[in-house]
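In the two complexes below, subunit A is the common chain; its partner is subunit B in one and subunit C in the other.
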Partner chain A sequence: MMTAITTAIIFIGCTAGMYYFYKMAPARAALGGFALALAFALPHLWFTKETDGFLPLFTIVLCAVYALFALGLNIVVGFAGLLDLGYVAFFLVGAYVGAWFMSDFAVNVAKSTRDINIHILDAASAKIPGVHLSFWIVIIIAGIVAAIAGVIIGAPTLRLKSDYLALVTLGFGEILPEMFRNSDDVPPGHLNITNGTKGIGPVDRVGMGFLDYIPGIPKTIVSSDYRTKYYVILVFCGLFVWVSVKLRDGRLGRAWMAIREDELAASLMGVPLMRTKLWSYAVGAVAGGVGGAFYATIVGTVNVDGFTFAFSIIVLCAVILGGMGNVWGAILGAVVITWFNYTGLTYIGGKINGALSTDFNFINLQFGLFGLVLVLMMLFRPDGFIPAARSKQVKKAEQEVLASQEVDA
Partner chain B sequence: MTELLLDAREVRVQFGGLTAVNDVDFNIPLGSIVALIGPNGAGKTTFFNVLTGLYTPTQGFVDFDGRSVLGVPPHTIAARGMARTFQNIRLFGAMTASENVMVAMHPHLKSGVTSTILRLPKQRHEERDARQTAKELLEFVGIGGTDEEFAKNLPYGDQRRLEVARALALRPKLLLLDEPTAGMNPQESAAFTAFVHRVRDERGITILLIEHDMKVVMGTAERITVLEYGAKIAEGTPAEIRADHRVIEAYLGKSATEGAA
Partner chain C sequence: MTLGRRTQFTALQVLSYIVLAVSVAGVVVAFFDGPRTFTQVLVIGLSNGALYALIALGYTMVYGIIELINFAHGDLFMLGSVLAAIFLEERLNQTKSSPTAWLLLAVVMLAVMAACAAFNVTIEKLAYRRLRNAPKLAPLITAVGVSFILQNIGILLNGSAPNSRASVLPQSSLKVGSIEIRVKYIIVIAITIPLLLLMTWIVQKTRTGKAMRATAQDRDASLLMGINVDKIISYTFALGGALAGAAGTMFVQVNGQTRYDAGFRLGLIAFTAAVLGGVGNLLGAVIGGVLIGVIQSLNDSGLGFFPGQKWTQTVLFGILILMIIFRPGGIFGTHQQEKV
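Coming up: the complex of A and B.
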């Protein structure tokens, strides 16, 4: 009941707000309000019961995490037009930052670190040794470290163009996991930095202790279940939507798009290429880092086997599927792909097997189906689910021009 | 002696065995309109690319506004006040006319990432002013009201004008126009000649143009430099150039002058 009321309030409030303050068309404002209300109500809807396999809570949380990744990659690929096939590197960096600062792993690094016991505003028991910072501090650190990683990876690679850039980023996406896999015995003094293939865990949960200080918040929200985690990541998605949209419409966003359209002309119009590209890498990496640290807390362990080339491709697919350069498209694409990956395929496959009483393994077909869907998309909707506003308008105007030329002829 | 805005000495550009620009001395007095002409492949655009920082010459010196531009990245040269248009139009197609112009204001705008994300009042004012300036520039070049049109949807002539508006947004001291009247009809070319004078007189911008249309060149330029096979073969006022037998040879072939003589 509470949820239904809150959902209604969000729908009405957001629709009215967008209509009055942002002067949106009523239909668009209602659509925006509906999307936000749906995002809020999603983990409370009927099909989230654990017994029903259509949309488990865990998948909803992952959808939101992947939406954040897609938003980040959209800045690099969609706005600045730099094909990055190594986005997994930032995901990995963020996840390891989460693991390092929110677990007891620090005691395993070397003999001298055995007694480390640091707790700062954390959600873990004080008896557990290691480094335990508050999730909210870690998320900031993860964002910063990922941004730095973005600049370090970008500085040498961004001098390359198009296909070459794609190849080198792909290389970095492969090198970094290998480095982490082998960093359990680093030369000066046999340091164990990443615990190799064994991975790091358990990672602390997201602390919501600060909510205790806000009066009127029901204690049920404080509990650290998937719903709370979902809302936390939703807030980060919202923040990143804001960042994306504001940057896109500002000086830096124009420079990104100019580089995407014509790099040489952009540089001759006073746009510093390297610095502008590095910014897109850094901002995109922040989303990857934050998402990575968050992922570490929901999964509980960070293992290097989880950081594969497939991840980069999945996020890239989400961006392309949704509509390159479109913020909402990136989110939609990420949600669709993540659901399909984690639940949809087994769910639909199960239904088909049940109906035909067969025993076919649909999971093995995952990437085949993926490819098929992408090919179909490219054939029938090459600009994605929600094409970027500008490409839509350009297309429309082009058709008008063509039509007028036909009339002239 | 008038002050020189641009001073290039003994500039040579070699691509492997090919000498595209061969020991060219060239200067532009402040506030003048200068033309660079020559047959196809004479090295005119290569010379432009040296000035704007795209190529580093094999040897020689290029000083712009009292400072060398050699080894300086293109965006820094642009920010110092050298703007150009392109022979084959290079607009940002999927951006609006207004955005195209605003891209070139990049070096003059100050707002960074933080102020953009936080929507600080300073940043919003700056954006509003930039949009206003873009509007005025579009009106100045004669395509007012196309602000929200996408560049690639504009008619050809308007695209040429938009390129000039974009170049002017850099607040240049020197404006390089690479075959600005290519594809224009005689009326449009004549209007363009008047426009070039307006840019110089109203905005005080020195202009260098590469041009094939002799009518435009003779009507616009105060001084003309002629290149052939990368070397400078003549330099002077339009009247001098018109009478120069080497120029006539370069354009019409040797027999033309012999026949005339």
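Coming up: the complex of A and C.
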């Protein structure tokens, strides 16, 4: 019964989605509807143990989380053309915001905070001390804090040239984890802000609020309930796709792309460079923060060791693989890369090992494969698998200009 | 607009003088905190700085000639260190300090330099050359990709955990008064200086060096003057690679450890050194390298009000960020306006 009603809701959602696509471009309606239906049905497709190794539910959830990250980075790298190698900073900020406001950690900060006990619409037991806000409030806070972090990092750095910008963001991405690692004994009064290397946990469950009146939706999401987690993150992805598309087609998006194509020309046309770039940083950071806070609830413990340069590169890989500046490409890239990272490599490696009866550890090839993806894509298909419509137009225009120049010569 | 920029400029100057004064005060306090440790730390810093200078030169030369931050350069250095350790310890079985071992170390060093030079040239040919006229983002992302590929080769050769390696350098110490200085650090400095002099000679005095400088100034004009630009760029990559190989070989001997991710951090530190001295400025890279080496080891010692090893990355990358934002031309350099 429960699943029947949920299925009905999914079906209605897909139909609505198809209609939306139909309004935009009839030719894409089928593809869009199919993608949407697949996205909704994904965690219900496989049930048996055998296929579970191919596509575990946990990986599906992570795919969706990384899709959100890729959507965020796509705004910075793809739309505005600013290479950000420190996207991990926003992920980290979001995750820590999630951990701070959804755990009992607040009691450990200092002696004076020992009795702190704040509960606002949360899913945790009232007996547990600490700060426990509703997940939905925390998500908003995480987004705002990450956006502020984006502006703080961006304000002094965004006037730099592209390659210097990449290094400065990379520097921030390296400094921030170290600061969080060392902030367990901050000078005025020995404040323990981040619990150092021990990390913060456990993070509260996600409460579904009034949505639990809908059959099939639980009151709180238990840690093994990956399906509900997936749908929650899917909603955020959908929201961010909508934001991305709206921004891209609006004034701000056109300003971003003008900067991407030619910064000087854009500024001469009256595009305020700093403000436009800062917006891209802030909006991109929101996705990182939201994804980070959600990630905190999935893994349950936020530990600074998880925030490495490799993360920034994985998300960048996803954006480039799919097609810089293309929303759907970013999602596709994120799904492919994440699946490969968490499941595909070991799965395929296991099959190869089984077939050849060897014992090679394929996880060891992870870095190289990501590197290879970056290099090969840049060399042979710099616009990604699904090139953005605009970059196709630009290519065409460039060729026309070249052709006319040849005629002149 | 003009007024705003001018006030900003003076504010920056004041800020940079304050930073300078604080750092000098920090060094003085560190000296009085423990003069003996300070001197030892200084020697370690100079030795590390010499290695950073070698790596930084590779960054600076490549940036000077094709305006690419060669992200993979640090990992090339790491590969050099792993290869050197494998050659010397596993193939030649040299684990103790002896004249034969020193001779073999010299041979291994030359071999590793040649190998790294060959790697770097190959990387340039396969990956960067095709993107020379592409948008600037493309070669940079490619370099990041190459860096990951090299790290993966490092994992395959060295394993994903750090390996401790034997050193064939003498482990004794020199005593100057009450100060003990490890001989190995002096040896590193003694090997680095001739390499740097050789480098300067090649760039300043030889015909190829002249062609390199010409290519760095204006690639198209050099092409018209009959310079084989592709060859000169390859040559630059070869020189940078050889220096990285030399640095890698010595790094193992001094630190007794190989790890696949050494290149990422050290590369970034060396890049900081290059930025400190002004990217594209050879002498600047050397001075920047030495400065960064000394700052790092002073910081790691925790003397005075240096925050200690826990904060190394923050201090060094903080310098990188501040330099790039406020003085992108380096400590001596003038900032060039980007060509339109």
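Annotations for the structure displayed:
Rule of thumb we're sticking to: the second predicted complex is superposed on the first by the 339 of 409 C-alpha atoms of A that agree within 3 Å, B and C clash if a C-alpha of one lies under 4 Å from a C-alpha of the other, contacts with A are read in each partner's own complex, and residues count from 1 in each chain.
One rule holds in what follows: a residue touches a chain if its C-beta (ideal position, glycine included) is under 8 Å from a C-beta of that chain, and two chains touch if they have at least 3 such contacts.
Just so we're clear, the structure is a prediction, and the values are computed from it rather than from any experiment.
When both complexes are overlaid on chain A, the residue A:163 reaches subunit C alone and has no touch with subunit B. Once the two complexes are laid over each other on the shared chain, residue contacts for A:373 go to subunit C alone; subunit B is not touched. With both structures placed on the common chain, the touch criterion links A:36 to neither subunit B nor subunit C.
Of the two partner chains, neither subunit B nor subunit C is touched by A:335.
Of the two partners subunit B and subunit C, more residues of subunit A are touched by C. When the shared chain is aligned, subunit B and subunit C each come close enough to touch A:264.
When both complexes are overlaid on chain A, the residue A:246 reaches subunit B alone and has no touch with subunit C. With both structures placed on the common chain, the touch criterion links A:255 to subunit B but leaves subunit C unconnected. Residues 264 of subunit A contact both subunit B in one complex and subunit C in the other. Chain contact summary for the complex, subunit C toward subunit A: residues 67-69, 127, 130-131, 134, 136-142, 144-153, 155-156, 160, 264, 268, 271, 310-311, 313-314, 317-318, 320-321, 324-325, 328, 338, 340. Subunit A contributes residues 242-243, 246-247, 250-252, 254-255, 257-258, 261-262, 264-273, 279, 283, 390-391, 393-394, 397-398, 401 to its touches with subunit B in the complex. For subunit B in complex with subunit A, the residues that touch the partner chain are 52, 54, 73-76, 78-79, 83-84, 86, 90-95, 99, 102-104, 106-107, 109, 111, 113, 116-117, 119, 123, 127, 149-150, 152-153, 166-167, 169-170.
Partner subunit C is touched in their complex by these residues of subunit A: 77, 81, 83, 85, 156-157, 160-164, 166-168, 170-172, 174-175, 178-179, 181-182, 264, 309, 313, 316, 320, 364-375, 378-379, 382.
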